[in-house]
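Take a look at the structures listed below.
Heads up, the next two complexes both have chain A, just with different partners, chain B and then chain C.
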Partner chain A sequence: MKTVLSRLHPASAFVYLAGILIMAALNRHPWMTCTQLLCLGGIYLYYERRPGKILPFIGIILLSAVLNGVFVQRGNTAAVTAAGRTVTAEALLYGGNAGILLVNVLFLFSLWNRCFRQEHWVYLFGSAFPKLGVILSMAMNLIPKYRKQAEKFSNVRKELYKESAVRRAAAVCSMELTWAFESSMDQLDSMNARGYGTVKRSHFHLFQFGKRDGCFMAAAVLLFLINLYGFWKFYAHFYFYPEVRWGGFDLKDFCFVLCMGIQILLPLLFWEGGKKLCIR
Partner chain B sequence: MSIPIVLLAAVSCIPYYYKYEKKKPQTREHVVLAVMTALTVISRMIFAPVPGFKPVAAMVMICGMAFGRESGFLCGSLSAFVSNFFFGQGPWTPFQMIAWGSIGWFSGMLNRTGQMEKRRIRTAVFGILAGIWYSLVMNLWVVIGAGEGLEWIRYGAVFITSLPVTAEYCVSNVLFLWILVPGFMKRLNRVKYKYGFFEF
Partner chain C sequence: MYQIKHLSFQYAMAEKEALRDISMEIEEGTLTLLTGPSGSGKSTLLRHLKKELMPAGRRSGSIWYKGTDLKQLEPERSAAEIGYLFQNPSHQMVMDTVWHEIAFGLENLGTPYGQMKRTVAEIVNYCNLQRIYDRPVCDLSGGEKQLVNLAALAAMHPKVLLLDEPAAWLDPAGKKSFLAMVEMLQKEFQMTIVMASHDLEDIMEKADQCIFLKDGQILAEGTPVHAAEKLWEQGKDMEAFLPQTIRLSKRIKGTPDFSMASLRRTMQKVPYEIIYRKECKVSGDLVLKVRGMYAGCQEREILKNFSMDLRQGEFLAVLGANGSGKTTLLKCISGQMKRSGKVRMKGRCAVLPQEAELLFAKDRLEDDLKENMREEPCQLEEYIDLFGLREQLGRHPYDLSGGQQQMAALIKVLMADPDILMLDEPTKGMDRFHKMKLGRILKILCSRGKSILCVTHDMEFAAAFADRVGMMFDGKLEGMERPRDFFTGNYFYTTMVAKITRDMPKPAVLPEEVRYL
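The block that comes next holds the complex of A and B.
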């Protein structure tokens, strides 16, 4: 899934991820949140490879349930009575549901950081704001360069002078600043010499919007719209207090749960098989 | 999590970016902004082991003071965005972008006549205010990230529990500004004078 998403055009992958984020943040209905939890948790486990990694997230859900149960006194069904306080089952369930929401978002961002790398962000940002995109990619390029240079300065100072670490840090900091600006002038000259900013220029990037990306984007948008309709029509209201009322599970619910599952696991349908590198 | 507020935070930088694009900035401005952003990100990475105690706000303020409010805003918001590639992107990124960007903007605004950099007390007071402002904006993220909506009581509770961290931000801002402003402003003013930046 990571390979599928990171090989897609950034716009398609962004639409897919943003759609899931919006659905994960909107939905309060337990069926929807649990479907999302299962799918996103499955993706997370697939990449982490170790079941133990999921324990902190279960801890978050349990903690949220217990905290809400202890502090909120609403609800009709008493689950536990201890030390004069009644913990209601509804409050526990509500807290658990809120915890699942938070965990969904965390899982989603772990997937997001896995498949959406610097070049994707630079490409997306640069196509919206060309000039700021240049600044962004320049800054990304400069960071490792400056770090290396700071190490060099520090090593030279160590050999040349006997001085305290604080003094050396101050000297390196000062030299780094001057050097950064002086060397950026070289960059400026070379950019000017190559005619940057004078005429409209083409630029190289790795991504091309192909048929596959179009299909993926269309599918992602369609599923998002279906789920949004479902949320708006059926799942926008779910009340835990004063008592939980389950509406039963019929065909309509099954369809929407399936849609939600497919929306999250959509990249699986675009799987190209194995680790074979495919060049379009 | 309340999606409208996160979206609002995410899109609130965009008008300013758009304005910058429309202005047709010169290549030298690009270079200076890229250098300042890279230095700010590095300064955050150096202090990565100490949570909360970061010179980022101080660096953004120096950029704003030296190169004007626009550069301050862009340096703050872009360095939040870039540095989160190393610290992890999330729904908190737009809030950091807004918080640091606005700090840079205000420092540029206050230093239009070049008075602030000469008076250390003023800079220190501004550092304290900036620490509180950053904390307030990030508390907003805490409140809406953990719950359904925005309620003033919960916001107040989060503000009170975050007071130690707020104090840490303020102390780090004042400390770094106290150390960095004289040397950095001298060098940046020299660079500005030597290469004729931002004087058209």
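The block that comes next holds the complex of A and C.
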């Protein structure tokens, strides 16, 4: 999953991830949110390797359910009555569903982080806005450089002087500022010397958009559109209050749930067997 | 390639002229070496050879590049044909990854994508950067960074490379691979190379033309041998800048000679005696005792069962190649890193870091030195005179030369009143004049009862000033001896003069010890 995505052209991977993000943020229908939870949670577990890692996320869902249950009094079915307050089953379910929504987005971002490296971002922004690409790339260089230098300043002072942490932080800040100005003079000269701003810039990168990337992107877009249609037509509204109203689970629902699952697990199709699919 | 006629230059706010009536020519495809003490105008002259970097100030005279006035050169041509490499390896890097850094200049020139990719691929293979081409630049070592910077310039297919103290911040291994690369570029592509450097060791003999500057004027020029002869005539001050081989050949009454083999032959013929420098055995109290120390990061153990003694008033030098654990040793003893084992210390210790700028916190040197003082103010005054920084007190610490910065940083460390001074590569980036001065000052501090533990690559420095020398191997100190025994006993890892005089009845360690009879 991770390898497939990070080997793909950043634009394809981006379309895929953004599609899931939109679906995860839009859907409120329990079937959809639960399908997403199962798929994304499965991917997360696969990479973390330790079942224990999933506990905090279960915590979030439970917490969200309990909080909503305690504070929201709507709903008809009383689940618990204590201290004069009634906690309704509907409120609990609604809270749980909202928690699942949040967890889905978190899982998605963790996957995003795993497969998107710095250069993917720099490429995406750089090809859309070349100036911004340079700035982003420079920032990516400067941030670790400044952080390292601040650490060095702080270590040297810690070792040499006995001073309070606040004073040290203030001193390190001012030292860092002077140093940053000083070091950027060289950088400016170096950019000038290498002809920055003389003619229109071109943009260099190491990515190639191949047939495989095109297939993947088309599949991702198609699945996204199907799911968007399903959302718009069938799953945009789901009422928890005053009572949970389930429609039946028929063939149509099964198809859309399957579609959602495939949208999320799409990269699996492009792993080994996925290639054959493309060639045909 | 270049023709400079009567160039004089004065910086905007300065009182003195930085360059005075310089006239010279640089031939195509040659290596020209600009040298001289710090502040002699090497960098100023070098910057005049690149249109974009010409400093602001009053200028007279003219500079011609391939028959065009340099000021009239088109920007694209100037950017592509003339490459400039700065002293600090990391400050001049712009992009985040190595491949992007190499492509930066090409992007600026609007090179089409396909051609760019081809060139980057070529350069990565030619310069042996396969291992690091996709790494973020902040993870590289200084030597690797400077190689990448050079590769980034070479990618633009320049006709001229201007190198400003390119190897000053590099360790010996990094310096060697960097110089090899420069030589290759000159030989294979007939690039014209102009290099400013105060360190002439390993560099001077490779040059086709040497230009020695002093106070903004040309003091000597010509082939390396010719320039060396002229400098001999200038007296002892200037002689100190010459490499070890040249200083040795002067002492045995020869002509300037860069070849170790012919020097060895001459030494075997001529009569000479050796006057070793006075080495007195230090017999002060034990101030630092380390037994069975282990340290390392993650899985790798860097120090293994390390033991060491340091006496009061002793100057101990620890030599070793990169990654042998020298800096780790200082970090462990000063408590910046976790360690196990016994370390018994009498009094306080303080570390002088490799980069002096890590210590400067104020805008004026005077205020900076007075920050967090533990010693008496009169002590500070004395140090200022001893280190010769009185005239610089009003300046910004960042405006001092590399050598002066190191001196100022040393004063700051001394003001914390340590008993044990730990120095991490104190001579890095210093010219030889400041190096010798630093050595003499350290000896004075030793005679006042401070103990010094110095880790360094610089064998000449260790041979000239240390009381005891050892080298790091397998996480331990090997061959702890007096410098004379250490350097004459070593076969590979020793000073140039010791290599030349090995197996002779009277082996020497430094050129200054040899006297013609």
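A few notes on this one:
Keep this in mind: the second predicted complex is superposed on the first by the 208 of 280 C-alpha atoms of A that agree within 3 Å, B and C clash if a C-alpha of one lies under 4 Å from a C-alpha of the other, contacts with A are read in each partner's own complex, and residues count from 1 in each chain.
Basically, contacts are C-beta pairs under 8 Å (C-beta built on N, C-alpha and C of every residue); 3 or more make two chains touch, one makes a residue touch a chain.
Predicted, not measured: the structure shown is a model, and the values here were computed from it.
When the shared chain is aligned, chain C comes close enough to touch A:160, but chain B does not.
By the touch criterion defined above, A:259 reaches neither chain B nor chain C. Once the two complexes are laid over each other on the shared chain, residue contacts for A:190 go to chain C alone; chain B is not touched. In the overlay built on the shared chain, the residue A:102 is in contact with chain B alone; chain C does not reach it.
Of the two partner chains placed around the shared chain by superposition, neither chain B nor chain C is touched by A:15. Look at A:200: by the touch rule set out above, it reaches chain C but stays clear of chain B. Of the two partner chains, chain B is the only one touched by A:25; chain C is not.
In the overlay built on the shared chain, the residue A:178 is in contact with chain B and with chain C.
Contacts of A:118 after superposition: both chain B and chain C are touched. Residues common to the contacts of chain A with chain B and with chain C across the two structures: 118, 138, 140, 174, 178, 184-185, 187, 191-192, 196-197. For chain C in complex with chain A, the touching residues are 50, 52-53, 75-76, 78-80, 83-84, 86, 88, 90-97, 99-100, 103-113, 116-117, 120, 134, 136-138, 152-153, 156, 334-336, 350-351, 353, 355, 357-361, 363, 372, 398, 412-413, 416. Listed in rising order, the residues of chain A touching chain C in the complex are 118-119, 122, 137-138, 140-141, 144-145, 148, 152-153, 155-156, 159-161, 163, 171, 174-175, 178-179, 182-187, 189-204, 206.
The touching residues of chain A, counted against chain B in their complex, run 22, 25-26, 98, 101-102, 105, 109, 112-113, 118, 121, 129-132, 134-136, 138-140, 142-143, 146-147, 150, 174, 176-178, 180-181, 184-185, 187-188, 191-192, 196-197.
For chain B in complex with chain A, the touching residues are 1-3, 6, 17-18, 20-21, 25-28, 30-35, 37-39, 41-42, 45, 74, 78-79, 81-82, 85, 88-91, 145-148, 183-184, 187-188, 191, 195.
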